[in-house]
Structures are given as structure tokens and as C-alpha cells.
Amino acid sequence: MRYGFLGPETTFTHQALLQALAETPEEFAGAEPELVPFASVATATTDLLAGDIDALMAPIENSVEGGVSGTLDVLAATDSITIVAEQVVPITFVLAAREPMDPSEVTTVASHPHAQAQVQGWLRAHLPEASIAASSSTAAAARDLASATAEDSVGRAAVCSPLAARHFGLEVLAEGIEDHQGAQTRFVLVTREGRIPARTGSDKSTLVVQLPHNRAGALLEMLEMFSANGVNLSRIESRPIGDFLGRYSFSIDVEGHIEDRRVAAALRALHRVCPVVHYLGSYPRVDGQRPEFREDYADEAYDEARDWVESLTSMVTRPAQGDLNAQAD
Amino acid sequence: MRYGFLGPETTFTHQALLQALAETPEEFAGAEPELVPFASVATATTDLLAGDIDALMAPIENSVEGGVSGTLDVLAATDSITIVAEQVVPITFVLAAREPMDPSEVTTVASHPHAQAQVQGWLRAHLPEASIAASSSTAAAARDLASATAEDSVGRAAVCSPLAARHFGLEVLAEGIEDHQGAQTRFVLVTREGRIPARTGSDKSTLVVQLPHNRAGALLEMLEMFSANGVNLSRIESRPIGDFLGRYSFSIDVEGHIEDRRVAAALRALHRVCPVVHYLGSYPRVDGQRPEFREDYADEAYDEARDWVESLTSMVTRPAQGDLNAQAD
Amino acid sequence: MRYGFLGPETTFTHQALLQALAETPEEFAGAEPELVPFASVATATTDLLAGDIDALMAPIENSVEGGVSGTLDVLAATDSITIVAEQVVPITFVLAAREPMDPSEVTTVASHPHAQAQVQGWLRAHLPEASIAASSSTAAAARDLASATAEDSVGRAAVCSPLAARHFGLEVLAEGIEDHQGAQTRFVLVTREGRIPARTGSDKSTLVVQLPHNRAGALLEMLEMFSANGVNLSRIESRPIGDFLGRYSFSIDVEGHIEDRRVAAALRALHRVCPVVHYLGSYPRVDGQRPEFREDYADEAYDEARDWVESLTSMVTRPAQGDLNAQAD
Amino acid sequence: MRYGFLGPETTFTHQALLQALAETPEEFAGAEPELVPFASVATATTDLLAGDIDALMAPIENSVEGGVSGTLDVLAATDSITIVAEQVVPITFVLAAREPMDPSEVTTVASHPHAQAQVQGWLRAHLPEASIAASSSTAAAARDLASATAEDSVGRAAVCSPLAARHFGLEVLAEGIEDHQGAQTRFVLVTREGRIPARTGSDKSTLVVQLPHNRAGALLEMLEMFSANGVNLSRIESRPIGDFLGRYSFSIDVEGHIEDRRVAAALRALHRVCPVVHYLGSYPRVDGQRPEFREDYADEAYDEARDWVESLTSMVTRPAQGDLNAQAD
């Protein structure tokens, strides 16, 4: 089995994939999994569809930055892929060095500019004198430091992910140095279409929906379909369809599994009304939370309602003439 | 076959039944139908359920007076009956006498007080001098006049239905004498439960629905279920449940047949949410009008949506471990 | 002050009026009130509008029989009247006689057929041998018995209201003899238009609304206006407009007073959308219950929202050319 | 007057600002406007609030890429700024050179990688042999070519905006070379808070709304507020609030001006229900399109409804005791 991830190695996406391997080993059992970094979700998806890899971990949303357009657009545009799992990774940074030292001894800090932007408050407060050196990625900063000679690494530190520090054998001088505490990124594990994980009772389903564009209130109507079936949305994101301004598709996560009658009923309603409904899969929630809903949204309520209406329609018949009370059989 | 109606003979209900026999003879073919008058809808229903009669014509609403409580309450309370047809009868009155004469020669007008109330403007304008005599029904007024001697009937006229005048062989001196032109009463033909007439494309369905009483907005929610399936209501009437003030059931006619997917879908939703949904039948509309609805409420839209969701759920499976891309079957 | 009521004396409407006089004496203070029975709500209303009486008590709904059409139709059709109070009266019957006796000694029971229908179970169980005598009203049955000679009244009893028994000085042999326990009738006190009782915090408002007839879903839209302002309906009743089948107006009671911002907001929305909105008044609830609503439906929430939008619109201005940051004032 | 824009010079944002100056010169009349490039919307906004510039042009959404997070997040986070105008710019690229030449003579093409990604189809088809040189921006590519010696510029071309070609005096060899025809970016002109342009009848308003996070269906409820007032949304975009996954604010454009009664009514409703409603301004639509709405959403309908309810509430009064028909004054 080959698993792609948005690389290079030691990215948070890499960590999400390792986390998945550790937490749900049964999903990955059998042959030793091979982990393959990719430069973009789009190229990884091409390889997935071509059969070169078997699954792909990709970031979908970040609690600070919002939706990850690259992933959302691939999910919206690509048929034949399914989301089978999610992972959430805390976005946290460490200050790491080749040898243990007191942070005050650090004179140069290397990192990727994006990561440095997220720790600049800490650096200003704790290392106001240190000079900043840009590297092509936080992974590269950690790797370069790890491969430096003892001499070259005096006074040098890197800002990188905890995984990168561990991976390259660096000493962590300080952890949790990001300015914005508590940031998280959510990832999805994508496979070729073909199977949907069974319902666990704590599931999510992901959809991409395009609304009828000539109808005011179509978004309201879509939300009413979910509401009428007791289905909550946990994420909604508009993405341009690309043809002109003001035309969107909506990327949506709902609480529940397609095996939940209420989710299936909402999907049927969407299918009738919306020109495009792309179902991307149902999968266990990583937080294990179970949805709350009124009992008239339970499976039994849907099944009993279906049986009742079927029993009624079974009485529809054209009886022999004059026989108004003929029993239908 | 024995057909009950709200009597006595020559009532508008009687006329509705004759109209039904004339317009849809195929429904009544075979043995010669026998028509049986009843004093109330309640007693006729008891006989219907006991098998003493085969069907029953009853008034359900009047364009001036509103819902007919006696019928509505029987429909709400009685299981095991089905509405299989509707009729609409114009409510119009004639001035009739034993022999032809000029209206100005009329000195006494007999009728039931209820009918007289509906023609009092005409009487004041055309027969200001005539004295008014109350009889126990418009039919009795006509019958008494028909059976009077020539001598006794001088100067006497009756206000009755056109059917009564015809039935008792009276001369019509003036017609359409009601003050409120255009009034109509709608009737339903009720049988024992057991068969529902096949869909014609121009149908109505009748329901009695009780709302969850502990939920504000339950009526709104019920109407949304119809709206979400493109189902229009042609009648809605609240009736007390009887236990305390402010507790109602709703008697509802919707446009469509239970074989219409959109009607069936609305019924399923009602069944989930409402403590009581009493389905009273689907039957052809007497006006032949076909409902208009968006194409996403057509049968095909529902069937395709169901097939699509079924094709998705068929992919739900727990694959062999480690086999993320296993096909579902 | 002259107060009309649906007579004759000792009806439940009479009782409702006496109850109002006893419970809210401050409303009726000053000159001794004069109570005037009327044969119908329609004739009493004519006298009210003509200034012959000052107020009128009329039944509006019964927990068993439903809406009282005569009153509803007058309220729908008459401009210039206002409801200023409500009363609820338990519908209960007594068996009364001229002298104390054991019920088993009763050989004849007089009453109005309508009342007898409501006590027939009790009569069958307790007085299976007694003969039934119809009178023109329960009041008449009681009065006749009271004015009979001692001789004539042997073995005779009347079914009447507790008020009638008291009024005519009869002995109550048995009380609560109605088959359907707990029935209630609700009454409204109507005056000429001109003043609305101040808000008490536990109020109702009554409306008659006609929906745009060419728009499917108009009823749903109307209910959404109430729901969007947190206003609950405590009664809704459809009444025919009278022109043709399927055209209704709706008689509605809502929880709240027109001084409640949320009620006023719902009324404004109704007025925009509905061809006819007839406001019939706001008045204290007889049960003293206070409505529950989310804090975003409180007066303060409406007032703050209005102030906020006004502060924004006050910034709308056409500034001196080229002065993009000019202050609005 | 100093106007900021997202630089460097000749960006599409620069072009949007020039377009605004040309199309609505009255807005910019008076002193000669000074145009100031900024490296980011955030830094420009800081200068705007500090009074160093008077207005700022910023991209808000692109028909292919979607919402521009940098701008959306500044709009969501910054109080005291107002949008006063919008502009739409077609995103199109030209192939430009220092001297006229046949495209086939081009051997090297310089541009920013982002722009090259958008023209790679054209380059592959028309200049398959040319080598690609990356520059720091399309503007830099154009400027470098313009400043090259005649000798150095042989066979060299740049992919840049039409504005850059014109600005740096280059010859356009081919235009409209982007692979995705018809792409557009929409820009907003932002000022310090203080004035809102007057209503033109063809306007938009921009809002940032945060929903109550503990209430399922809050998004549906928000959309109902717009729908209940006939207000269409032309853009809706979710952005993370930043505290944790699944918490969003919504950036919204609606059709209409705050002086439209229906927009004001929707805003009042939002203000009651939502913890945060940030109103960012009303401004003329660049397409001049007028919203269509039912007449019950017209200003007159709102004004009449308000007057009607006020006339009713003016009758609320506590009259002298016993005087039920006292006129309110």
C-alpha cells in the first residue's frame, strides 16, 4: 500500500498521515505502508486515480486560515474519489537545535517565512537579538541544521514542527512557541471511489453541491432540506465554479452517515433540486461525538413512515365495476 | 348496492349522489343502486361500518358556511373509512307551486327557516305581501304542496331545491332566487376502507393531522413538509380535538394522489413528526384541474434521487483490512 | 352602561358576562351595569355599532364544538369593533328540581335537545326510566319548572346550567352530569373601536387575515412571519370568504400585545403581504400565562436593532466632491 | 487625496483604481489624486486608519480563485472602515516585447510563475520552444524588458497585464493569451468610516455576520431573514473566526442599499439574532443592474405597514374606569 501526502516530509500533512496509521492500524494492516510525498494535492490526485498510490492525505481546513482551496477545488472537480477518514492536527511549532543549549544562546533562527510569521511574537519577546534566515521549508531548516557540523551549528536554531525536530534528531529548546495558540488543521484521507466505511454512529459526510443559478433563495432551500431532516452542517464553504463572478458551489460537511435515514433523505431532496450533487463519502468523526436529534429523525421513524405509506399505496387499485368496497390485495 | 345520503330525499346531498351516479356510471354499474336517506352523517357512518350500506355521500364544506362540522368530526374520529370521490353542487333555490301561476299571485310561501334565510332578500323584493310558513325541511314543504288538493294549493308556493321541485312534480315559478349567488357545497363519497381509486393525474387527497402539542411552530413545520415537496393545500380547517381549548386537529385536502411521489414523500414526513396522521383517501378532482409543479417534484425526480442514494449506500461495506480501495461487492 | 350578551338569561354567555363583572369590577365601575340579552351576535353587533349598547359578550370557541361561526363571521365582517377582554366558562350541567328529592324519584326530565345530547349517557345510567320532554332552551326548562305548582312539579326535573338553577331558585339534585367532562367555552368582550387595553405582560391579540389567493404557500409565508418574530399562535381557524370554495380568511389569536415589539413587527410584515389584515384588539389573557420567548425577541432587542440601523442610515450622505472621508453631519 | 492599492504598479488592483478614477471622476475631483502602492491589504488598512491615505482599493473575489482571504479577513477584523465603491476588472494577459516582432521570433518569456500558470496552454501551443524565465512580478518582468538595451531585448518577451505593457511602453505581440477566458476580479474601494454613498437604485451592501454558535440551523435562520424581506444575496463566503475548527463568520453581499426599507428590515432582524453584525457599507453596483422584488417589498409597503401599526398602537390607553368606548387621543 502506498499513501501520498502533501510534502515534503515532516509537514503537518505528513504528521496527519502518521497519526492515522497509529490510531487506526486496522485500516492499514497487512503490507508495510509506503509514504509518498507530493508537491500538490492536484498531482497526488492524478497519481491516485492512475493507481500509482492507494490513498492520499490532504489538508481541508485550518482554524485560522480557513478552507484549503487547493484541496477543495480538487474535491469539487474530481469524480471517482472518496473520503474515508479525517484527522485533526494541532498546529504548533518548536525551536530546535543540534545540541541542547539555552535559548538565550541562539543567535540565528532559520525557518520558512510562513512559519516565522506565526512565531514572530515569541521571537521578538525571547530572542530579540537573533537574526532570521529564510529556508525553503521548515523541514529544510531542520534538516540543514541536523546535517551541519557541530562547529557550524553553534548558536543556530530552527523553527519547525515537532515532527521535523524528532525526525531529524534535533533538540527541542522551546515548544508551543506559536503566537496563536490552539490552531488546528483538519485533514481528509482520500481513496479511489468504490467503498464507503460502515456507519459508526459518530460520522461525517462530505458533499459538493451546485445550486440552481436562476433561483433566488436556492441556498435557503438547500439548508431547509437538511433542517427538515434534522441534519446539522459542521462546515460550509463557497467556492467559485469558475465561469463568472457570483457563481458558487458549496463544499459541505454534515453530521451523519449516508446509512442514517435522515442523511439519505436529505441527499435525495438535494438530488432532485440541485443540478450537481457530488457525494464525497461518509467516514468516522475523529472527535467521536454523536449527533443529537429529535426522535422523529431516527431511523425507525423513517422506516415506519415508509412502511405506512407503502401499506397505503398497496390499496390503490381499480376494482371491478360497482364494487366500491373491494379489498385491495 | 346501497348508498346512504344525508336526507331527507331531494336534499342537496341527495342531488350530489344522483350527480355522481350520472357522471361516473362505471363506478356504480351492475345491480340497480338503492339510495338510502339518513338523519345524520354519524348514524350513516355507523351503518356503513356495519355493512348495512356500501357508501355514503356527505357534505364537507360550503362556500358560504364553511366546513361542515358533523362530517369533519366523523372523518376525524372514524377509522376504516375512505373517501373515493367528490362532488360539487351549486346551492340554488326555486320558488315552486302545484300549478303554473304568476309569482304575484302567491300569498303564502312555505320553506325551512334555514332556506328562507337565504332567499329573504328576493322574497322581500318580489313577494313583500306573502306570508311565510315554516316547514320541517324544504323537501317537506315541496311534498306537502304536491299532495295538497287543487283547492288547498291556491296561492301557495314553496322555496325548495330544483331537485325537490322536479321530484315532487311542481311547477317552477322562479329560479335562482337565493340572495348569495354562486354558493356551492362540496360533498365526499365515503366507503369502508380497503381500496383507493387509481391516480388520474387530477386528484386530491384528504388527511386529518394532529400536531405535536408541546412544540411551538408545529403548524409551520407541517406546512413546510408539504412545501418542500411541492404539494399545495386546497383546504385546511382546524377542529378541536375535544380535550381542552387550543388543541386542534387539522383537516386538509392536498392537490395530488398518494401515488404521486411528492405526495407520498410529504406523507412520510408527516408520519414521522405528527402523533396522528389519518389518511382518508385519494380521489379524482371534480374540476379536472391538474396541479402545476416544478420538474424537481415530478415522479422521475424522486425515483432518480432514490436510485442515486441507493447506488451510494450499496457501496457501504467493511472491506478486508488494509484494502482501502476494495470494491464494495 | 349597557352590556349585551347572547341570551336568553342564564346562558353560558350570560354567565361569562357575570364572571367578567365579578373578576374585573374596575372595568365596569361607575353606574350600575345593565345586562341585555340578544338573540344573535349579529343583531347585538348592530346595536353596539349604533350605540344602543356599550359592549357585547359573545362565544368564540368551544373545546368540543370548535369555533363559533356566528361570532367569527361577525368579527371578520365588521369594521370598527375591538375585543377588550376574554372569559372562559366551564360547560357543565346540573339536574335540578323545584323541591329536594332523590334522583330516583324523577319521572320526567325537561331540557333543550342540544343539552340533552350532552348528558344522555348520564340519563341512561341514572334515570333509564324517565321520560324526556323538550323545551325551547335550558333556561325555559328551568323557568317553567320554577313557576309550576307544587303539585305539577312532582317527579319533574330539568337539565340546565348551574346559573339557571340558581337564578330560578331550583334545587340541584346532581351536578357535573355532562358526559364530556372538562368542556369549556371561550368568550370575548367586544366594544366599539377606539381604545386598546394597555399591555399587562400576559396578553392575546386577535386578527383576521386574508391571504393573497394567487400564491401557493401563502399560509406558510404568513406563519413564517410570526415565527420570525417569536410569536406563537394560540388559535387558528379558517372561515370561507364566501365567494367560492377554497377561498378562506383566517381568524387568529396570537400570544402577545400590539405593544410587544415582536407582535408589532409580525403585524407590519402581515400588512405588507396580505390583502386584508383586520386587527381586532389586544387584551389580557384570562389564564394569566406569560409567553416564553428567546431574548432576541424582547422589546430591547427590537429597539436596539432599530437604533443601530438608524445610526447607520444617518451616515448616508452625498459628500462634497472628492471628500471621501467626510463625516456625515 | 492619497489612494492606496495592492501593488506594485500595474497590478490588476492598480488598474481597478485607475478605472474608478476614470469612471467616477466626480468622486475624486479636486486635488490631483496620488496613487500609493502597498505590499498588503493589512498594512494599507493600518495607514488608512492612521489617516496616511484616504482610500484603498483591494481585491475581494476572483471568478476562478474565489474569495481573497487577505481582504476578507481585514474587512472582518477592522472596525471603522466602509466600502464606498466596487470595480470589476477582466483578468487578461498579453505577450509584450520592447520592439514589434513576430511571436515566432520569441526565444525567452519572462513572467511571474502565478501568471505563467494561467497562460501555459497558450505558451505550449504557440511558443513550444521558448525558454521561461521567472521574475518577481509581472510588473517587474515588463519593467526589466522596457529598461533593457535593444541588444539585450532581442527575442525576449514578457507575460504581463495590458496595463503593464502600456505603462512601460512595450509592444503587444498577442493579447488575451490566458487559458481561462472570462476570468474577472472584483475590487472594493474602502474608506474610513463616516459616510455612506446615497442610494442609486442599483446598489450592494456588504456585511460580516457571526452566527450564534450554540444553535443548529442558525445559518438557515439568517437566510430566512433576508428572504422574508425579499433581499437576495449576491455573495456568501465563510471565514474562520480563528478560535477553533467549525466556527465561522460569513462575509455577505446583498442586493440593495441600507436606505432600502427591505435591507434595513433584514439588518434589524440580523442585529437581534446574531452576536456580531458588522455593516461595511452600501455602494453603487458596477453593473448598474436593479434588483427585482415583489411590490410587498417596496419602500411604500414598509412605510404603510409602519404607519398602520403606529395608528393602532396610538389607541392603546387606559381609559377612565367604566368607559369602555373612550376614544384614544
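So that you can tell them apart, the chains are marked A, B, C and D in the order they are listed, and the count of residues begins at 1 in each.
One rule holds in what follows: contacts are C-beta pairs under 8 Å (C-beta built on N, C-alpha and C of every residue); 3 or more make two chains touch, one makes a residue touch a chain.
All values derive from a computational prediction rather than experimental measurement.
Undergrad: Which contact partners do chain A and chain B have in common?
TA: none
Undergrad: For chain B versus chain D, what separation do you get between their C-alpha means, in angstrom?
TA: Between these chains, centre-to-centre, one finds 59 Å.
Undergrad: Take the average of all CA coordinates in chain B, do the same for chain C, and state the distance between these two points in whole angstrom.
TA: 29
Undergrad: If you average the Cα atoms of chain C and of chain D to get two centres, how far apart are those centres in Å?
TA: 56
Undergrad: Going by the touch rule set out above, which residues of chain B reach two or more other chains?
TA: Where chain B meets two or more other chains at a single residue, that happens at 224.
Undergrad: According to the definition of touch, which chains form touching pairs?
TA: A-B, A-D, B-C, C-D
Undergrad: Report the residues of chain C in contact with chain B in the complex, numbered from low to high.
TA: 61-67, 69, 88, 180, 182-184, 186, 216-217, 219-220, 223-224, 226-227, 232-240, 242-248
Undergrad: Sort out for me which residues of chain A touch chain B in the complex.
TA: Contact set of chain A toward chain B: 1, 26-31, 54-55, 84, 191-199, 224-225, 228, 258-259, 264, 267-269, 271-273, 279, 282, 296-297, 301-302, 304-306, 308-309, 312-313, 315-319, 321-328.
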